[in-house]
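Read the structure below first, then the notes.
By letter and in written order, the chains are A, B, C and D; residue numbering begins at 1 in each of them.
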Amino acid sequence: MIEAIPIPLIVISVGLAATLAFIGLNALVLVYLERKVAGFIQRRPGPYEVGPQGILQPVADGLKLVGKQIFTPTGADRVLYWLAPMISIAPALVCFLAIPFGPHLQIINTNVGLILILAFTGINVLALCIAGWASQNKYALLGAARDISQSVAYEIPLLLSILPIIFMTGTFNLFDIASGQGAWPWQWYIVYQPLAFVIFFICALAETNRNPFDLPEAESELTAGFHTEYSGMGFGMFFLAEYAYMVVASCVTAILFLGGFQGPVASGWWWFLAKVYILLLIMIWIRWTYPRVRFDQLLNICWKWLIPLAVFNLLVTLLVIAI
Amino acid sequence: MSLDLRLDTSGDFYANKFQPTKRDDTLILNMGPQHPSTHGVLRILLEIDGEYIIRAEPVLGYIHRMHEKMAEVKTYAQYLPNPSRTDYLHALAWGWAHVGALERLMGLEVPERAEYIRVITCELNRISSHLLWWGAYLLDLGAFTPIMYAFDDRERIQDILQRITGSRLTYCYYRFGGVSNDIDDRFIEETRVQCARMKERAKMFKDLVTDNFILRKRVEEIGEIPLDTCRKYGATGPVLRGSGQAYDTRRAEPYSVYDRFDYNIPTYDTCDAMGRYLVRMDEMQESINIIEQALNGLPEGDFIHPKAPKRPKPPVGDVYFAVEGARGKIGMHLVSDGSNSPYRLKLRAPGFSNLSLFSEVAQGILIADAVSILGSLDLVIPEIDR
Amino acid sequence: MIVKKFNDTIMGLWSLLVGLKVTAVNFTRPQITVHYPRQTVPSLEGYRGHIELVPQDEDPLKPKCIACNTCARMCPSSCISLTASKPKKKAAEDKECSGEESGEKPKPKKAKPELESFVLDYNYCSLCGQCVQNCPVDALRYTSDVYLAGFTRQEFVFDLLARLQDQAAQKEQ
Amino acid sequence: MNNQDPKAGNSKDQKKAAKEKKSTGPEYTGYDLDYFVQTKDLFNAVHKLDQSGFFLEDISCLDMEEGFQMVYHFDRFEQPGRVGLRVMLDRQDPQVPSIYDIYPGAAWHERECFDFFGVRFTGHPNLIPLLLDPDHKGPPPLLKEESERKGLDQLYPDREQTPLSPDDQDFMRKIQECSNLKSRTQS
């Protein structure tokens, strides 16, 4: 009977379960980390009430969100209203399948890993748009409109900044890219492609709606952007999705530019997690420092600065490779 | 029992009044009264085309408490706590306006030391008001950290004032003919320490925010208010000084001992939100300058006029007394008929005139800019609604 | 013109980094907040909380108040209500009724009315201090207890006479 | 409401003595120029003030025996000095031309006076309640009962109430050099 079930199906199902656990755990750790770092920056202790040093605070938040009454706002399109959070969280799971956490820790070793991730992160835009439209709220509609144009605009420099790496390594397989880089920091691609790294990081911030670019959920202008009408698990799913995408973005950055699981002493998954968490800390740090960019400036930055720089960087790389 | 789930889009009185000239492709948006960036309960009806505002009309009255009727019902002494409730950010200036109006009507002269104490406490309160404006403005623009730094300093100022006045926000400290409590050496010493600390904090504020590239982009060339519009709408205070006119009641109509200190009036003629922002930041430093001069020249003597009437019955008269508040010129038009409560007390709130020019300035700007302009006008809605 | 634009942007990017430095510096600095349930604010001596009766010097059980009703009249939101017992005619039965009250000086003129109840409705008090200031015998003073909490409005209707008795009782132990 | 406790007794007659001595009350009343104006001249006077650079401080209204007294306060940036224009309106039909066309800022002040006193402003763009609830049925809140109203002579014993017409020359001249430094030094 066991042979009847093909091996890859088992691998994928175990992988999916592991990814779910990883996302859940990561969300908890990240929520705690974000509130603690925000607290320390603002010279206040951050959560310390629930559990020793506030460790259980994220769990408490989760329980509160789950406990909230589930209701659909009057006039909202019930089906779409409840579909949006699901569409938002689902692609995040798939993205983790292709990420090589360690030399042996990879669920699927496909040679189109990078394309898979980029494709699935694109679906998130659809989820936010549906959420904005379905909750029948003017502010949510504005938030959704903003999010569409922002994500579409920042998709292009994201791809353009990845292409130099692809040309250098010649493959889309994340495992090969990661192992292609040497163990020592000066062998990583960040040294060869510093400009691409900066562009990619900025686009990652924009894709996941993080602070300087968090216009779709701008509290002060649109009261809460696309998830104005969501409370309880609806909001919880969006929250989880945002953190999941943050982790996906920093994983891809770590793989492409910081040598994935390669580390000076003994390369393994712990190097990979360390790099990911350093990147996440930087994202959090940026969030608590900068005001929000205005909407048309956001697009100007993308069309007038990031795309020309990315193209220029691509040409320079091609020239170097060609010679 | 069919539950009518359709949205009732009938809208209320003001929305209908706003409605008739609506084009079909625009959206009527209610910004407020429960909106994070309208400080307090201000409601603005916006007609927006995409993100651009076509027409904006503020709707007031959500926190209207009819202070002017209270003045006519209560005696002068009983009305003392009210002015600090109209504008709780700069409560001492409002208290000064009420007390000053009566002193001018009765010809009551205030001892030197009381005048100096009033100047010191009023300037301290102005700094704490500007600090809260600075934090809240940055919160509107999306930066969450500066408000915590602003509150760090504000709490210290409030601690200093609490020891003497007895309260932290709505001070009821000034009395007819002086102040209700004398200041001691510990107050003076703590104020000097805080003034010194504020000077080097200003450098940190400048690094973190004033020079910040994103903030400059969000604030420069936003909300152009030419000087003539300010004059037409009667805007005063930092809004006016941000448009190039150095008009400050402390210098234009010198009251109390303000003519003894030399301080300059910070003015920027860029007419935009950045100009107003820089005016308030410099004004904080000027206030520190005034406080230090006042502390150095603090005379001895009694802190309240020995025969100050606790229950004043002023002569018949009609008096106008103006004070420079954090938001502009605070005026009290007091008409007395000789009884122990005013015949009519008209409160002139600077925020009222500053906000009235918003519907003209907000034509054709983005919503994000509207929030930035509202922040730069430093609105306190209870003062506007009175 | 282009050079100026580039110069602006470079300066702008530099200011972004400076902003990061400021938050980093503050990240390392110690915290300045008071953890309320565990620690309370130290400096409260100047704070003007709700009022309380001042006991007479010689007899802590009896308040200085002479029930002249000035504070009740002066209060903007009329939250003070007090009742006083009718003073008994001094001349004739002064000796025997003052027997058990020690320290009652037999004065020729009418004895002061005896305060029976002094109730402050703290829900409406705006802490303006008119009552304390206008009291002819300074029988009221401010407390500085800030941490007041209650479930119902009635808990904020203080009976200051009873409070005076408790304070006197505590002082005895 | 007026409490006759002993303490205020002696200060009252002391005050009565003070009142006889200087009946005009305080020397500097905060006003540098203070005129009564006819309703029909108001627009013209405000126009002249606008030309010489005044800005509108506020519009307040008093309920008096003779009717409503509208008080317009103007001040100036360059040479600061407060000008008070007062207009008397009769009680049955309180009508005054709106100065919205000269000072757009006056729109809100006028709507407020409409809320509190029921004074109508002809030519006002949208005279709807500003601070009060639109369906507030009661009378305007700041009206006084019959008994409490005071007359012009009681409140302004010495002021000449003959309305001044803004066309004659000295009105223009007075406005030009009106400044509170001058009047402050006199007192």
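Just so we're on the same page, contacts are C-beta pairs under 8 Å (C-beta built on N, C-alpha and C of every residue); 3 or more make two chains touch, one makes a residue touch a chain.
Nothing here was measured: the structure is a model prediction, and the numbers come from that model.
Novice: Which contact partners do chain A and chain C have in common?
Specialist: B
Novice: Looking at C-alpha means, what's the farthest chain from chain A?
Specialist: D
Novice: For the chain pairs B-C and B-D, which is connected through the larger number of C-beta pairs in contact?
Specialist: B-D
Novice: Between chain B and chain D, what's the gap in Å when you average each chain's C-alpha atoms?
Specialist: For chain B versus chain D, the centre distance works out to 24 Å.
Novice: In angstrom, rounded to a whole number, how far apart do the mean CA points of chain B and chain C lie?
Specialist: Computed value for the inter-centroid distance: 28 Å.
Novice: What's the distance between the Cα centroids of chain C and chain D, rounded to whole Å?
Specialist: Inter-chain centre distance comes to 41 Å.
Novice: Using mean C-alpha positions as chain centres, tell me how far chain A is from chain D in Å, no decimals.
Specialist: Those two chain centres are 64 Å apart.
Novice: For chain C, which residues are shared contacts with two or more other chains?
Specialist: 16, 19, 22-23, 26, 32
Novice: Show the residues in chain A shared as contacts by 2 or more other chains, in ascending order.
Specialist: Expected reply: 41-44, 288-290.
Novice: Multi-chain contacts only, two chains or more: what residues does chain D have there?
Specialist: Residues 7 of chain D touch two or more partner chains.
Novice: Okay, in this complex, where on chain C does chain B touch?
Specialist: 9, 11-13, 15-16, 18-19, 21-23, 26, 32, 43, 45-48, 74-76, 126-130, 133-134, 142
Novice: Once bound in the complex, which stretches of chain A touch chain B?
Specialist: 38, 41-44, 74-75, 136, 138-139, 142, 145-146, 211-212, 214-215, 218-223, 287-297
Novice: For a test of understanding, state which residues of chain C touch chain A in their complex under the given definition.
Specialist: Spelled out, the residues of chain C in touch with chain A are 16, 19-20, 22-24, 26-27, 29-33, 35.
Novice: Provide the residue numbers of chain D that touch chain B in the complex, in ascending order.
Specialist: My answer: residues 1-2, 7-8, 11-12, 15, 18-19, 25-31, 53, 55-58, 60, 62-63, 71, 73, 75, 77, 80, 82, 84, 103-105, 107-109, 116, 126, 128-135, 141-142, 144, 150, 154-157, 180.
Novice: Help me check something: in the complex, which residues belonging to chain A touch chain C?
Specialist: 37, 39-45, 48, 285-286, 288-290
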